[in-house]
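Both of the next two complexes hold chain A, though its partner changes from chain B to chain C.
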Partner chain A sequence: MMNFTNLLLAGLATGAIYALVAIGFTLLWQTSQTINFAQGEFVMVPAFFALAALNVGMPLPLALLVGLGLSMLVLGVLFKRLLVDPMLRHGVLPLAICTMALSIFLKETVKEVYSAEASRFPSFLPGGNLSIFGTTISIQSLSIFVFALCVVVALQMFLMRTSTGRQMQATAQNPYVAKLLGVPVERMILYTFLINAALVAIASFLISPVYLAKFSAGETLGLAAFIAAIVGGFNQIRGAIVGGLLLGVVDNLAAAYVSTQYRGAVPLFLLIAVILFRPQGLMGRAEERTV
Partner chain B sequence: MSRSLLLKGFGLLIVAGLIFIPLTLNRYGIYIMSLWAIMTIAAMGLNLTLGYAGQVSLAQGAFVGLGAYTVAIMMSAGFGFWLPLVLAIAITFVVGWLLGYPALRVQHHYLAFVTLAFSTLVFLVFRNEEWLTKGIYGIMGFKRPTAFGVSFQKPIEFYYFTLAALALASAFVAWLVRSPWGRAFLALRENPIRALSLGVDTRRYTLMAFAIGSAMGGFAGALYAPLVEFVDPTPFTLALSLNLLMMVIVGGSGFFFGPFLGAAIGVLLPEWLRFAHGWYLIIYALFVMILLIKTPTGILGIIENMIAARKTRAASAARAAASATLDKA
Partner chain C sequence: MMKPVLSVRDVVAGYGEMTILNGTTFDVMPGTITTVIGPNGAGKSTVFKTIFGMLKARQGTVHFKDADITNASPRKLLALGLCYVPQGRNIFPELSVLHNLELGGIAAGADVNVPHRVDAVLERFPVLRRKGQQQAGTLSGGEQKLLEIARSLLLDPQLMLIDEPSIGLSPIMVQEVFSILKDLRAKGVSILMIEQNARSALEISDDGLVLELGRTRMQDRAQILLNDPRVGQLFLGGVIEDTAS
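Right, the complex of A and B next:
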């Protein structure tokens, strides 16, 4: 039982991180039809920005801020300006291929410039174990889960309650009408890229202490983000949250109860089943099928 | 007239180059050329599925793997080369057909993700089912084939074997895209609903596009196994599928010669960049990104655009000349 509780908690913790990444993924898709195959690498890179800052001798909070700022600049602004903007008018597929090339680029650059080895990454959240009613609970998992949840709630508040957030939603739903209504569509799209960059940076700082910072860390993360986004519903933030949490829990429980060899297969079956029987995702609206 | 002669001459030059240049290469160079021929076959299959029929697939690498494993497992069991080859093509054809069913339900990025999941699942099977695939240790100890009493053991001999296979595959695809089938594929890509209303059995052709494209992947895999003489799961990760997709798009999706060019860039360019050591993949990725930004329809796409632009210019010049004479009259 204690084992199960901890597995569930660890699953929710990784699931919450997946959700952050998946939310960014769906945001990019909604506002600019970008299927970002480099999303996993986007999660891997900020940790190295922060590590570089740490190596210069900055204290951890400052280094994390630098990492966040750099990733918003590089993975947000530069990514949009240099890659997405010139490619967007050519359709979804060439842009998707471009992001595949970008993922190779980011991975190899980190490997060559920083290191091919996995690096330890300090956590800014408390660790250790806590005993409640005779069950031991990992504080790290709990704090990751709570922190990620807070980020998601803050994002939702921003999107629902503020004027900018509503304008971003309008842009995502129908850019033409939004433009007619006076929404600065271009700037809203840029904000989306910035938010995505911030989300992946936060995910990076949360997950790197657990799984170490490594150039190849993005491969599994990117796949998890795709699956979470699609299982939940590609056109819904809510969906990405549900998909992420579900995936994290399923993944962890499958590793313990199915088989460690095929733990990776369970989420894939989930993905195929959802796409075939409920293509709009568990939480999503049915998307009009393009002809 | 003279242009078509020029093109024929150019084609002959390339074929002659493919035949004679490897004679001057060392073992590794010949290996790379053979790999190019094999990857071209796999990319041609994907080009049928994606470029002609318009169905996105991220699973071509998995089919290359299925073909390679079929041949490796059966050859180790002492079956020669030809029966395993036929079986590899048949298996990938059937599995490709089955993978086509999701395409009847979902399109575009959803389809991409189904095939992506399939690709990763196949990799897991290669890695985990040790009783069949020997897992991460891989299969070795099978020989290259002999045909009509000729042995293809040496690298250069096997290179000519792959080149002949490439010629065969090219002839097949050239015939296919000109046949009513090819037209049906194009109709499927351009406007499936209109195709359906014109009496094209879109359901069957969608499945066929997947099955034939996958079978060509299997064919490529069946050649890959005897080329490397060792089969393990690592080459058949999702990365291979993504690479093949990149080859098709970079070369020019929907163009007959696109895969040839794309595979040349995907296989040879990284080798030429070896002097840059660890940086070569970085340069390669940069190159692909810049290329796609400059020519999103692939290299052959930009050539076609140039020809079209020239024709338009010529036509408008002719029109201007004609209207000038009209004005005078």
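Right, the complex of A and C next:
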């Protein structure tokens, strides 16, 4: 049996990736009432952008940058302009249904255009094992966890410490008043979509070396991010962080100590328990909104 | 004769197919408090939204001093010297009090020193300075209203539109808010106010304006409106009889 420390660390690593995806999910909901059911596919796609760049002979760092840039363009700007803006006028629900369609579209497109097989994806982080006090620790897990955490901290710093970040928060908390004060609300919403696209791209580059790049990789990831966001509190970034980490750890420990067969069920138990006993999420505040 | 600071002429506006303002016309004189009264649905808040660029005027004009501001954006109006404190709670609950204030300076030109202005505004609101680092959502209802007023003063406005400032506040806090408005008037700021609490509002006002079905039914000195039996009747649910005047 794997030792507990490593299980915990692997859980935290996956959890931190879930957290990145869940934060993006929460941000989109806060600023533009977009429930993005294609969020999982958004994590799957950037790896293929990067793979395409690698296939034309680019070195890994450049390919990742190209993947990041393409993600921000396609999953950020184009997603907002071509799908969210026209659909949001019809309401939150039609938009949510459209994102479900987008999820199928992205999955099938990658399968047709690239491959139905799983592809290996190179890691930009160090791998191998490290021995401390007789315990073997996976450097890959550790470095994923640390890197994802740095991204979250950088995002929080941006949102809290810069004027643009605070204007984004103002837009999320009360768009009407933000507009009254002269905040360029539309631009702030666009920034949110760009940040989400960057977050899913980073998540993609972190998780694909572990679980391989595959057209169907988004199915579990999207569900995990959705659960993480709800468990943590749908309207709070720190909720998404807590939800993501908790889910990653519970998921890994359940697979090792309970049964791998029930691995997929445990997050759902967690979800049901939270919805039953604390519907606003662990960190969330109650919110009233007519949908 | 003094020129009005704000003049609204024959404004028509509404939501979708529905027309709420139907040729609204009135003036606000500099350095005065003007109170808008009228029954529910008369279009009081709609006038404010239209002046402040949140709702499009289909016809008519709005002038601020000599500038035509019909359908100008909030950002432009703020830079010109208007501000708007809407009804209800309008703070950003999860940002600190200071950051809320600072957002009042978003529309500032390059010549405005925002931190300096935040400091100047806090001079008048010691309670906000004391609680500067707290999340704005933790303030009491009255303090939140003070924060909104303080935030609207950040760009040193010449004209303030304030919608139902007393709603949901304790009587002491209402007095506090009214005395702030009087102080502002003493400093030369013109105030256009909507207030359910019509009697107390007219008592501190110079001018009054009765709006009914999107039209200006009466505009006169506040003192005269206070003593007008027709105004009392209006607030008992009656309709003003057509008069020869």
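Please note the rule applied: the second predicted complex is superposed on the first by the 286 of 291 C-alpha atoms of A that agree within 3 Å, B and C clash if a C-alpha of one lies under 4 Å from a C-alpha of the other, contacts with A are read in each partner's own complex, and residues count from 1 in each chain.
Simple rule for what comes next: a residue touches a chain if its C-beta (ideal position, glycine included) is under 8 Å from a C-beta of that chain, and two chains touch if they have at least 3 such contacts.
Since the model is a prediction, treat every value here as computed from it, not as a measurement.
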For this session: Identify the partner contact of A:262: answer first if only chain B is touched, second if only chain C is, both if each is, neither if none is.
Result: first
For this session: Could you say whether A:139 touches chain B, chain C, both of them, or neither, answering first, second, both or neither?
Result: neither
For this session: Answer with first, second, both or neither: which of chain B and chain C does A:153 touch in the superposed model?
Result: neither
For this session: Examine A:180 and indicate which partner it touches, taking first as chain B and second as chain C; both and neither are also allowed.
Result: second
For this session: May I ask you to decide whether A:170 touches chain B, chain C, both, or neither, giving the answer as first, second, both or neither?
Result: second
For this session: Have a look and say if chain B or chain C is in touch with more residues of chain A.
Result: B
For this session: Could you tell me if A:56 is touching chain B, chain C, both of them or neither one (first, second, both, neither)?
Result: neither
For this session: Using the superposition on chain A described above, determine whether A:78 touches chain B (first), chain C (second), both, or neither.
Result: neither
Seminar exercise, completed: chain A residues contacting chain B in one complex and chain C in the other none
Exercise. Where on chain A does chain B make contact in their complex?
Worked result: 35, 37, 83, 86-87, 90-94, 96-98, 100-102, 104-105, 108-109, 111-112, 223, 226-227, 230, 234, 261-262, 264-265, 268-269, 271-272, 275-276, 279, 289-291
Exercise. Chain C touches which residues of chain A in the complex?
Worked result: 163, 166-167, 169-170, 173-174, 176-184
Exercise. Which positions of chain B touch chain A when the two form their complex?
Worked result: 56, 102, 105-110, 112-114, 116-118, 120-121, 124, 127-128, 191-193, 238, 242, 245-246, 249-250, 253, 278-279, 281-282, 284-286, 288-289, 292-293, 296-297
Problem set entry | Of all residues in chain C, those that touch chain A in their complex | 52, 54, 73-75, 78-79, 84, 86, 90-95, 99, 102-104, 106-107, 151
